């Protein structure tokens, strides 16, 4: 009797979390799915209209822009953050004396929210008052950097700021990974005469595979939620050039009073996210179990 | 771990290369510091000087007025209270939410690694997927539920929201950490007759410091910086710091006091900044201990 | 103290059968050693006895009482783990008394118990240290202390010495032996170490792939292995298992062993009951290295010493002994000679075969013939 | 004691100071004030918060609201009724009908208007104006030639911030400058023929012309930074609602001396407006406090004090203009004239001519065009499509 | 292949001296084994030879050439690590050929080399696997293959077998021995394992606290340890180091050893040159367990066998031998008897002391007397 209970205790302990998630995540996803099939405008309604919202959604030019932007932004952001994080970690791992000072410098942006830093970045990137103007003032007249004002380049400024914010975190993850590499392996490679560059390229970096995967999870989750960033930096502009699904969803649901369309965009976005994340998680847990 | 690839670079390393490494590190440091630089120097300028342009220049006239204003007398709504009172609100919200979500995450990680049961993988997968849900879609149904629970507009409600949406990551962190935690210790304690909770409290918890650091930093940062939930679910007496900061910074048709905005921004970010700087070292260690899976 | 009975024990993880019907009975105060190759299920068996794993089928009894379904802490056992599993956040004293604390034993009583155990294991001066501040041997002692303090019916040891270096291992082995003699508690002990198994055990169980191969006293296992697996597994260096053909000779049957270069070695067989069926057939002849030695080092008590000239391939002087490798029965056979035996690589020398110690196996079934 | 919780986005110094007057007024009547400001996005964050609160069944007592949002919320049937106070205080007579359109739902008063912002203003730096010829333009052609003249003096002729609502604010004025009827047919009645017609193409052409006087760094710029350009003499003029005046005053500039305020050329006598109103939610307790608040909002003294600070003009037409500055006086006069002549139009850019969904759809097209994505013809065509899709 | 000379080598980390002046010379084709307790500096010494650590003072020469300051890859050495240090992301073949790839060896040549090594080590069928898919023994082979393929002047091994289980260890040890005999390359080898050290080495260096204790052939080290540390450290079970008093007896000097219960044991000493100075004083008598045995098992070749009655405390049958523990000279002495020796706990039995193997130490200096 007591031992039966013992068997159930773990499940009981997990149950609250599981129930919370079940309701507050999966329940809400279902609810959104339902909303996306209704004619909800300002507040949820029960007016069933089938897939009309989805049809409407895919006719909207912004939605396509948002999707393309997410692809572009997500890819660049994840790729650059990972590479930069790795590079910084490698540089910092060279027995750098000032590591204690540099590490928090690289790490601190993660501590700030974009409500906070958005304005600073906006100014900094603004050609009229930011870096370009400063360079001009310092005598470098031909310096030009006006991406934030350029419809085709603005999305890259979002990438720059986003990378700024999270690459330090990725750096910390890689640093931890590097410090965990068996030193005997490094010695072995050194004995074979491999240059440092080659040791990293051929041995250390391939060994960082699990870290790349973890970084991917963290970065992907940040990319998906990149809302504050865009709002603070470009407000989705110039024009709607930097619209992302998150801003799209928010504006349709809350400022344009087309909650149905907003919900359908959320569902599409979730489908996309899950179709990328679930295979990843699956493979991750597979390899984790076999260890 | 104490030996890096550069073990013998002192012998064979090349001064040029080291100079290059330092140079690039410093360049990157500048990239990371620039926005902070812009914020800090402009927060010390009088407003006229900012209007005059030259965002990157040092103040001609230093003043800390904007800091004082932002902290204690800036207009946040009708009352010129500054950010001060909202600081308390944020603390009241962040501390329990961080503790709760971390604690639940620790328990979940404990169960998912040391007390596996059929289907534990699926449960974990579901918890993990929850990390990726965009918060915009949960606002309305969450509001409804908070209303039903009679938690609408309360700090307790915010704590609940943040706890729920932090669970995915905290569980992930602790699972990875406890996965590497020697199972034999748990077995040994079982034989010693310790109960499920005794084992957790006496054996696991005292040895989880590194991962607690990581998790608490992560949760603290995310919750402290949240705006969306704060704006949507807070009442007049539970408005968190970020919403207040937003009120200070984002007024639509009023005069914009950038120096105050920047000072306020830095003030609002101070707790997280301090947490990062003070515990940065432990953070990397914690990530290592968590076998950097998460 | 109590006897331990394992009755047709089955254990599977999902659809992987790890233990496939184990029957073992060890008397009160016995010392059971479990050996077997890695992954054969030794730890699993130990864990089922401890109650850390459920069993799929069968029964485990401590004394007369079936313990299936009983929580580990209710089984009145203590366990020592390979990694020692000391709680890193507690001092040695706290480690030892944790179990008592959990059971709500009063402080004074706990202290008395700690003292008693510390006395036995001579770790009195370590009581305030944390495990990280201890050497390997000290940790091992503390782990034993934690088990001792419970004064249980059965001790379980899972490779308790394998993290120690060779020297310490020998010392601790003797200590465990002495402790067992003193306390008289029933012990189940898992090890990879041949010497540990043979010196400590009152009974040895040899497992392979979740099946019990042989269960018996160390002497039985060592001298009369039931099959080639057991013969090969127990003893280090292993028993030489050499291909031989049974031929008829002047004195009756003999085993003929091919050598690399010279004529086959012919060894007369004394006990002829069952082997006669193999006349003209191939068998496996098993002879332990110490039964194949230099004539002056051979057992004077044995009546069946046969000397033969053999060609030595490799000589490995090992301090206390010298090992010689020779080509015999198509295999590398190892002979254990005295340390100062005068043998050299590439030379032919006379070796003594102690035929009283020779065993035969059927090459097809791998089972013992005699 | 009774209590009102007020959701609003008036958080900047001036606005909050103005609101404080109301708060103190209420406190004088024993009604305490719980402040619930949510700034950002011209009230959109506040509206999000409001939605969450209403969904939670915990709506604030009173909410600052604009234009069609009021009608939308009224449509949801969650608002209270202010008819008692309104009829007792005779609001019908003092509030212009164009405002009443938003303050009433199905004939019932549901909101009390605080102020009227007019959005078709142009703010000109006086010294640059003088340098460029000195005469304030009254027609489109004069405007263009003034801009040209300013360009020659080396300043940016038109200071502008490239955010959708700012683009749309200019667009409002440009459309209105092509005729009251055109504005009404396109921006209020949404007549597809007019939306896609020749005149609309002309309107977009004018937008393109204006765009050519804006510096390259306009996009994303906050409106007040654009104002600062005019204040500092870097730019000649800005087309912005009357709230911009606060920036000028704050920088120590005097109306008439350092800067001049004129109606967008071609829109003289007509006013596009937006009006902040306080909406009372239908909650069980506190109807008394709500009524007190509604009445306090409509108090002429409050309206005067508030609007002097805010830079807007009172929603009541019977408030004396003594405390207002030149621009304010002009604004008040313009408003009552426009109201009298039925030339008072809700501003599309500020949500007073069409519901939010359509407004944003129009924003999309105007911004896209202003950023060079469409030419004028395409823009007109897209406008028809966008409006249709959003309806 | 080349000789290796280590000349007054010093190494410190900060102000911690780890190596304090080591002098070792090993001839071309020699097999040097480094032994010593944990932390004595064995790995550090190996790393300085490899060039992975700088040296503080002294010199290292391979052949005639000083290698100080040379990069590891320029020293023409290969190293096998305890953890094997296989590159986890590369296949076995890639692991083996990585060094060649780095040096820009052509593909065809690389393949030929891989094949050659795979042949020697019989890992041909593993070439396409990743390290994670290999067993411990296979990994060890691959690690050796990676060293072999370089065909270096000197091989360095840092505890290459200590991660293997006992059986595999024995096999791999023989394999290394055979490889060495075949290739003839100079080897420096670190181990904790007594048997490994004694069987493999042509020379053994015993280190303690960064100081060289003794450097000599295995037989020298085993039979003639220069001090008690070496005597105790080498051999398993260790040499019995027993307190004795030198007394004069009828046949000259004798060592008197206290026993637990009965009268002291008196052992006549044959070689009397230096010991005579200790008459009446205490010394430490060292006798290896195999020199203290049952009379029938004693070395027939030795001329100094002395039989004495002793009381047996503990009997540990260990298969190939039986160990008996007895109280002697105030210590627990271990005697190694034949497996079938008839001794029992608590009984008195006659034991043979091989006085030819006995050594004496000064208890104060701990140095050897004879």
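Letters A, B, C, D and E mark the chains as written, and numbering starts fresh at 1 in each.
Assume a residue touches a chain if its C-beta (ideal position, glycine included) is under 8 Å from a C-beta of that chain, and two chains touch if they have at least 3 such contacts.
Values in this document were obtained by computation on a predicted structure and should not be read as measured data.
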Set of chains whose contacts include both subunit C and subunit A: B, E
Inter-chain pair with the most contacting C-beta pairs: A-B
Chain centre separation in whole Å, for subunit E relative to subunit D (CA means): 92
Centre-of-Cα separation between subunit E and subunit A, whole angstrom: 57
Centroid distance [mean C-alpha coordinates] between subunit D and subunit A, Å: 37
Numbers and ranges of subunit B residues touching at least 2 other chains: 7-8, 53, 139-140, 142, 246, 249-250
Where subunit E touches two or more other chains at once, by residue number: 51-52, 71-72
Touching two or more other chains - residue numbers and ranges from subunit D: 41, 48, 51, 55
List of subunit B residues in touch with subunit A within their complex: 1, 3-9, 18, 21-22, 24-25, 28-29, 31-36, 38-39, 53-57, 104, 107-108, 110-112, 115, 117, 121, 123-142, 145, 163-165, 167-168, 171-172, 179, 196, 221, 224-228, 242, 245-246, 249-250, 258, 261-262, 265-266, 268-269, 272-273, 275-277, 280-281, 283-285, 287-288, 290-294
Subunit A - residues contacting subunit B, complex: 6, 9-11, 13-14, 16-18, 20-29, 31-32, 35, 43-44, 88, 91-96, 98, 100, 102-113, 115-117, 119-121, 123-124, 129-131, 133-134, 137, 164, 168, 172-180, 183, 186-187, 190, 196, 199-200, 204, 210-211, 213-214, 217-218, 220-221, 224-225, 227-228, 245-246, 249-250, 253-254, 259, 262-263, 266, 269-270, 273-274, 277-278, 281-282, 284-285, 288-289
Subunit B to subunit D touching residues, read off their complex: 48, 51-53, 74-80, 139-140, 142-144, 146-147, 152-153, 231-233, 235-237, 239, 243, 246-257
Of subunit A, residues touching subunit D in the complex: 41-44, 56, 59-60, 62, 122, 126-128, 146, 148-149, 151, 154, 231, 233-235, 237-241, 250-251, 254-258
Partner subunit E, residues of subunit C touching it in the complex: 38, 165-167, 170, 174, 177-178, 181, 192-195, 198-200, 218-219, 222, 233-238, 288-290, 296-297, 299-301, 314, 316-321, 323, 325, 332, 336, 338-340
